[in-house]
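Pasting a structure here, questions to come.
Which chain is which? They are A, B and C, in the order written, and residues in each are numbered from 1.
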Amino acid sequence: MPALLEARGLHAGYGPTQVLHGLDFTVEEGGVTALLGANGAGKTTTLRAISGMVRTTGEVLFRGERIDGRATEDIARRGIAHVPDGRGTFMELTVEENFRLGAYIRRDAEVQADFERMWALFPRLRQRWRQQAGTLSGGEQQMLAIARALLLRPRLLLMDEPSFGLAPLIVEEIFGIMRRVREESRVGILLVEQNANLALELADHAYLLETGRIVISGPAAEIRRDEAIRRSYLGY
Amino acid sequence: MSASKGIPASAPMVRAPAQRSIAGWQRAAIVLLGAAAALAPIWVLDSFPLFQLTMAIIYAVAVLGLNIVTGYSGQISLGHGAFFAVGAYATAILMAHFDWSFWATLPVAALVCAAIGFCIGFPALRLHGLYLALTTFALAVAVPQLLKHRALEGWTGGVQGLFLLKPDPPSWLPLSPDRWMYVVVLVIAALMYLLAWNLIRSRIGRALMATRDHPTAAEAMGMDIASLKTRAFAVSATITGVAGSLSAVAVEYVAPDSFTFFVSITLFVGMVAGGIASILGSLFGGLFVVFVPNIAEAISRSAPGVIYGVILILFLFVMPDGFAGLLRRLWARAFGPRG
Amino acid sequence: MEALAHQIIAGIATGGIYASLALALVMIYQATHHVNFAQGEMATLSTFIALSFIQAGMPYWVAFFATIAVSFLIGVAVERLLMRPVQNAPVLTHVGVFIGLLLIIGNLTGWVFGYTTKMFPTPFESDQPLFGGLVSAHQLGSTAVTLAVLLLVYLFFRHTKLGLAMRAAAYNPRSARLVGIRVGWMLALGWGLAAAIGAVAGMMIAPVVFLDPTMMLGILLYAFAGALLGGIDNPMGAVLGGFAVGVLENLAGAYVVGTELKLTVALIIIIGVLVIRPSGLFGRVVLSRV
């Protein structure tokens, strides 16, 4: 059985600048894979490369099928949801409309049931139902972005720094929710995070990125325990 | 799209070595040859083709004016026909109502246009590319209506317009007024091109292009963008106004319906076809907008407009640096460094 | 007093046309941040197509809806063929392509249908004077049609999935792609809708101003003025702005400047709004840096 997502020799960049220099990695179904590294290592670009938002060479296989070179919307339609950096909610639209857009490609009858699931997961969003997304707090917007992504019913969820710019208490809350998502659904998660400690706590497997190359990979628990790695790469 | 900003960045690099290798006498010879070639039509052409060539050069001047503000300064004007009209009417009114000679009206037309350009330059500063385009578009559409207005009728002659005469050639010159007109237009056009050339090569010209391409950086470097752009607007209006003044005497008639919205569009098409931000391109633009419609009118009354539209879109898609860019590339291929 | 009421009613009737065209402009502006200078010419072409349908023997309302459908397709085609290739080009290129489009459509219309001014039928006739002669049947009918169009457009954007997707694509194309919306097609649809709305505006104004290839040039100016007055990124604002400009134009024409300077009224509104309040009455602030 093929891995949920597999990248082989993935290169990507912006115009003449190459950012990724041949990455090989896999994401397994139903698990959390963490992508760690310093600023500018290429973490965000990796997610964008998977989503077809930057020009790439190399292969990206999703459930055994090539998706590299496809349009972003086609990749989304195959079941890859992406919570981008800067959250990517529709600020001008209401929470409800953001929910509806999350489920835009779905034709099944369970959308309403999924709405209710999301209300249970993010009770705050229910209170803000008719409010413009732009008026929400940072934490609420992040929650909305995650809810919006989950409403696609993805098999793979790409998350770009869900802790970014949020107060520690809110971060704690969001990671708690993600733990629940992990337990309750079979979605595979590829998590990009600056906060390595938090990410490794949640993840099963981790890759460490340095200037566009993978320098270390292994089970998250092992990396957490390895003091040398922690000191030289993760800085805590 | 390649070079979609339409900036002929390669121009100086191609030309610089060539200039160094040309001796002084050679340059003088080239200038003399050029002058001779420019004057040759007086003896070669019949009066109608000569009139067309005269108009082409007048339009080349008007396009040059537009190019300064839109090409070099990056402010999109779809209403330069208004300055063309003001220049034409300034000359026509002074000649028809006050019996001034053409020569005396020319500086007045230039000054009036400079002043109006300067005044329009201020609100234009506040308007981003698109909004300025929109406002000048509206201006272009409204011009004929303004010219026809009752309050101005005493001066403008209303719908009937004003008739005037070409300047007489000096008595010692055995030239007809048509041929003399051509010489006059040629000399004034040469002066305008020289003025524009010097402006663009100067510190002001470089600053203009810097503000067009990198406004924030230019401002951070202490450039007074507001004053630069307003002055560019004034110079641009002046040049196009002088062209308008020349057109009034060359045609010997001004009327509101000669200055419709289509004149502004013609100048815009000339600029794109000739080459955005190119002095030489403006010259091609003038030739283009006079001769191409003349040929096209044979097909249908609508053909010139359709061809303008097609050329405009085609050039923007495949040749955004216009004829001038094409020539430059051909030149570089023929004489450029190899390997 | 009755003359004043007359002017205001006439202003509302033409204002509805400006409002429709302003809405068409705003729809494309919201999605692309560009103003379609050829919107008026496209509407004129649509009106000529309607006239051909009617002259070919179609009943008015059949021709009306057929024209809307054809115009929609023309709008989609224009976006796919002409706007798609330059979508990331600088403003100057866009303005140039719009002007090119204006020239091509305007002149082709003249080429095919001729430059003579033509009568265009109205479906709204009445034998008795309405409301004591205050309002003509066509004014009443065209205002109703305009309002119906505006209401339909509103319902479409508010309450349909496709309408929501189009708004999402306009506000945030990157995120729209991430939820699987085909943003490119949403733009084309927007162009189609704008062309269809323009077609209705053309068919409603043609009986009043008569039909010729330059019919819409001045009307486009009022639509610009209306869109800017209401806020060019706000559809509701643009609609209100269109009505306001219609009334203003009529009152100014009747009591201040006379009919000869009506276009100048539009010009003054445009300049006034842009210089004093670039975001319009209801729009968000347009960044304007010197």
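The rule is short, and it goes like this: contacts are C-beta pairs under 8 Å (C-beta built on N, C-alpha and C of every residue); 3 or more make two chains touch, one makes a residue touch a chain.
If you're wondering where the values come from, they're calculated on a predicted model, not measured in any experiment.
A.B. asks: From chain B, what is the lowest number of touch steps before chain C is reached?
C.D. replies: 1
A.B. asks: Taking each chain's centre as the mean of its CA atoms, which one is most distant from chain B?
C.D. replies: It is A whose centre lies farthest from that of chain B.
A.B. asks: Measuring from CA centroids, which chain ends up nearest the centre of the complete protein set?
C.D. replies: When every chain is reduced to its C-alpha mean, the one closest to the whole-protein mean is C.
A.B. asks: Nearest whole angstrom, what separates the Cα centre of chain B from the Cα centre of chain C?
C.D. replies: Centre separation, chain B to chain C: 33 Å.
A.B. asks: Which whole number of Å gives the spacing of the CA centres of chain A and chain C?
C.D. replies: Whole-Å distance between the two chain centres: 43.
A.B. asks: If you average the CA atoms of chain A and of chain B, how many Å lie between those two points?
C.D. replies: Chain centroid spacing, chain A to chain B, equals 56 Å.
A.B. asks: Per the contact definition, I'd like the list of chain B residues that touch chain C in the complex.
C.D. replies: 1, 4-6, 70, 74, 76, 78, 123, 125-131, 133-135, 137-139, 141-142, 145-146, 148-150, 215, 225-226, 261, 265, 268-269, 272, 276, 300-306, 308-313, 316-317, 320
A.B. asks: Which part of chain A faces chain C closely enough to touch in the complex?
C.D. replies: Those residues of chain A that touch chain C are 51, 53, 71-73, 76-77, 81-82, 84, 88-93, 97, 100-102, 104-105, 148-149, 152.
A.B. asks: Taking the complex as given, what residues does chain C use to touch chain B?
C.D. replies: 33-35, 37, 82, 85-86, 89-97, 99-108, 110-111, 115, 217-218, 221, 224-225, 228, 258, 260-264, 266-267, 270-271, 274-275, 278, 286-290
A.B. asks: Which chain C residues qualify as touching chain A in the complex?
C.D. replies: Per the touch definition, chain C meets chain A at residues 161, 164-165, 167-168, 171-172, 174-183.
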